[in-house]
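In the two complexes below, subunit A is the common chain; its partner is subunit B in one and subunit C in the other.
This part shows the complex of A and B:
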């Protein structure tokens, strides 16, 4: 048993974090340049020949940086294609397509590759609009939807961990500086204890997300339970992390100007897309009890 | 990253599983801890499974921590009781290993594993609970021994204990963390009196201990005179289950029973959701413990990610036991009612209220995470 990333993977994390801090709005083409697309696809099919665990690091870091391009959806589709291509991809789940207007093609649950045409709806999370396809007629893609779905949900869980982590950091920074009643507000337990809870939950969420990523990478028989378990816990953790962080920020946390609301809205987006936590837990419950 | 057993770990697991199959009887499984636990503990000792990570020269197996993790997982799977020497194995032993003299190690460690000697922990006092540095039990050096006077409280297993790890104030002029001395005290010494306290569950597992002019030889100081605080911190580190395996195993065993109960009695949608939530939480603590263990193996220090294990576990165990009573329905109010194991869940639910108090209250654990892990400004 060895539950740690390798040195190379940790290096990848450092690079990804540094790049996204400098270039939070980087185009998908730039990420492709960096080799971030098709990471887990075998080399003979034009991919990076690494594993989903390497990709996992990128999803988590993209979440932490609140990256808004169609990176995640493209990355989870590419392994389903015969060959890695240069297009931007999205997926259609429950009739919704993230970033519809920013991608070239869409993979549907029926394994059809459809041109990205349709209408975009305004979303709470402005950085990740959802659209509806006007037509679902396209070309059939060989293979099954299930592995795409598992990759997608695991990626959403990983992104949620990045969101939770950042919301926690923002909270820690603020309460360590802000003073009221002559003291740093971080000394008040009503302020510090919720952050301690966020820390504990975020570490638990991280473990689940990595476990799910490992199961996906290894095509483990536990994947169909590990993935919904991680999706449920990580999304709820991210939402709660943002809520607590907003609370300890007081009025400033309630403003449009402060970045927290963006994290909060992304967290809720992540919970909703692909099915809220309760929907995921129903899958887990069925596996345990039926 | 590889979350599966290595071939060596798989071999250990297989051998252990076969041993449990052969050794664990239903009598032991269902018996009362104080009697059945002693026989079972002896078997564990004879099988070489008590003190897996302890050094070989003191009766342990010198095995890696990963074996201890596997051992506890398999014990939980088999619903086996734990070793009777809870305090000896979990706290006194590791503290003696870390701070003891060669003679102390030779004299005490193996007897813990074999249950020849049962231990209790004398830390809390009427005036010193969360704030352990307020202890007043005095130990005055007098030639070749200390004379101990004072009172300890909430001391689990003191009524069956042979030895006690005792935090005392050896310098009467000292304040707070200074001037403390950590002693190992023979509970059969003249002047030691134990009075059981009846708990919320109706049983009496914890006790008051009164010390009246008890003579403790100077050889029984653990660590240095006046340095008791540092030694006590080692004990607390182990008590709070830095590594969390034991906690994971305990929760795993509860959740297995909970799932069996839900299958037997049926569960509403809301209860199904709650059960799934607890199972997911269990996997989360399990894998967090593995991460922390990997950090320990690689760096020699457990990672901070494990610091929330006890906090999470204690609250999860409270929810799980309540959920079980809910599955039992109104029968849960009848003593022993509805439950094949005669009152198991009623007892567990009440017992679980102690989980957020013993070994550091949840409030104190949150303080520690806030200050030491997150680096927030100190509240005191």
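This part shows the complex of A and C:
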């Protein structure tokens, strides 16, 4: 059994990373041009005809680049539509709509397609504000909410892996350069050990997230457990990764000038949206015990 | 319209380059990638192919000389939209200098008989910037180099050639060889579909025997140059450090005057 990424998937990761590093503010239309939207939708419905596992790589890289456009929500809604369209989509979960201001339509838990109208709330992660819809009445969309919810939570888990990975890289870069008492601070155990912990957790988080993505892609019966398990662990890993990275950065780590606080806020956002880790673990427990 | 683009698999920019003291050759064992300016040549070829419309007849062929793993880099150009690859790969071709390389590439290009041959201006590993001239000479084709703008019209190619003092505008009848500068365009990012479909495109790997080239004409035996010695650049000369106590600017002017630079 081969668990490795294919050559094409590695290539996709490389190109996605290069593109997002060059164009962190890319418009959704540019991502559509690159074929990043509707990846896992069958070709006859206007999609890419590939797997959610391929799409998963894009979610992780979008997280790593802290991409702020409504890519994730649009990508998880498209497979629920009869045909891939050109609109920017968001979802309403627990009454909250990410990026309400920047999308055209919203898919609700009641499978209604609603125009994106409402108020935007003040949120900690300013790059992905939450909104509330004025009205949840719209046009009915055929199909069930559950697959959309699973895709959404899996995508959030994958984004969290990207956040953790970047926080780790930033930490490693910094402690490999910064000197104190005539030595690189990375040579001190109190600095290197937390980064090692982050590395271990990030690798585990990635395994869980891609397992969840695999289950979603294959419509596997384990999906309802794999997805909350991944969401719980990946989001907590991202938060811890950012906290440790801020810690090893010393003073600069909690300044506005350094990007780390943005990663930290996104990590907190990912943990909260769609249910905190404790909520996700309760779902896992129920599946194991009930 | 058939366009051949000569591309090279070079050590990735992120890899620290190292010369193997034994062979006096660049160590190519690390991660490789497509030579950056070659992506501009591929982009230009794709634009020409797509602009000429007749999709069925237009073709962009990548031609390269390198180890088998060069295919990995060429796949990026396939993902951008090139149609197929012709890679000349043979252990006997390793270590070919510019003269030998130009003869092998010319042989492969003769076989393709393209209307237009594009090169990136230079490779990021050797920075030779003469290979296209040698290939054009062997093929007896006109050459325009350092091209920042390219137009095709009525069986001729016109290139705006960047020079130190401005631009030369040069026209040549097709078939021709053109070396492009990185200012010519902005290479596209491969689309997801392009990336996923690249592996299925035709990729021919030819040996020297396939091209009917004798082994003596390739590699070290086919080369006309020999690397005798390699060394690090000499260390920088004496440096003087000035502490700025408010008279820093004056001291710098004094120093420059002393050296007769102002």
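The rule is simple: the second predicted complex is superposed on the first by the 290 of 290 C-alpha atoms of A that agree within 3 Å, B and C clash if a C-alpha of one lies under 4 Å from a C-alpha of the other, contacts with A are read in each partner's own complex, and residues count from 1 in each chain.
In the analysis below, a residue touches a chain if its C-beta (ideal position, glycine included) is under 8 Å from a C-beta of that chain, and two chains touch if they have at least 3 such contacts.
On a predicted model such as this, the values are computed, not experimentally measured, just so you know.
Asker: Check the residue A:12 against both partner chains and state whether it touches subunit B (first), subunit C (second), both, or neither.
Answerer: Second partner only.
Asker: Pick one for A:54: touches subunit B only (first), subunit C only (second), both, or neither.
Answerer: second
Asker: So, does A:133 touch the first partner subunit B, the second partner subunit C, both, or neither?
Answerer: Neither partner.
Asker: May I ask you to name which of subunit B and subunit C touches more residues of subunit A?
Answerer: On the superposition, B touches more of the residues of subunit A.
Asker: Tell me which partner A:208 touches in the superposition: subunit B (first), subunit C (second), both or neither.
Answerer: In the superposition, A:208 contacts subunit B only.
Asker: Just subunit B (first), just subunit C (second), both, or neither: which does A:34 touch?
Answerer: second
Asker: Write out the stretch or stretches of subunit B touching subunit A in their complex.
Answerer: Result: residues 1-6, 9, 66, 69, 259, 262-263, 267, 272-273, 275-277, 279-281, 283-288, 290-291, 293-295, 298, 305, 307-308, 311-312, 363, 366-367, 369-371, 373-379 of subunit B touch subunit A.
Asker: For a test of understanding, state which residues of subunit A touch subunit B in their complex under the given definition.
Answerer: Residue list for subunit A touching subunit B: 1-6, 53, 172, 175-176, 183-184, 186-189, 192-193, 195-197, 199-200, 203-208, 210-211, 214, 226, 229, 232-233, 278, 281-282, 284-285, 288-289.
Asker: Where on subunit A does subunit C make contact in their complex?
Answerer: Going by the criterion above, the answer is residues 7-8, 11-12, 15, 18-19, 33-36, 39, 48, 50, 54, 58.
Asker: Of all residues in subunit C, which touch subunit A in the complex?
Answerer: 72, 75-76, 79, 189-196, 198-199
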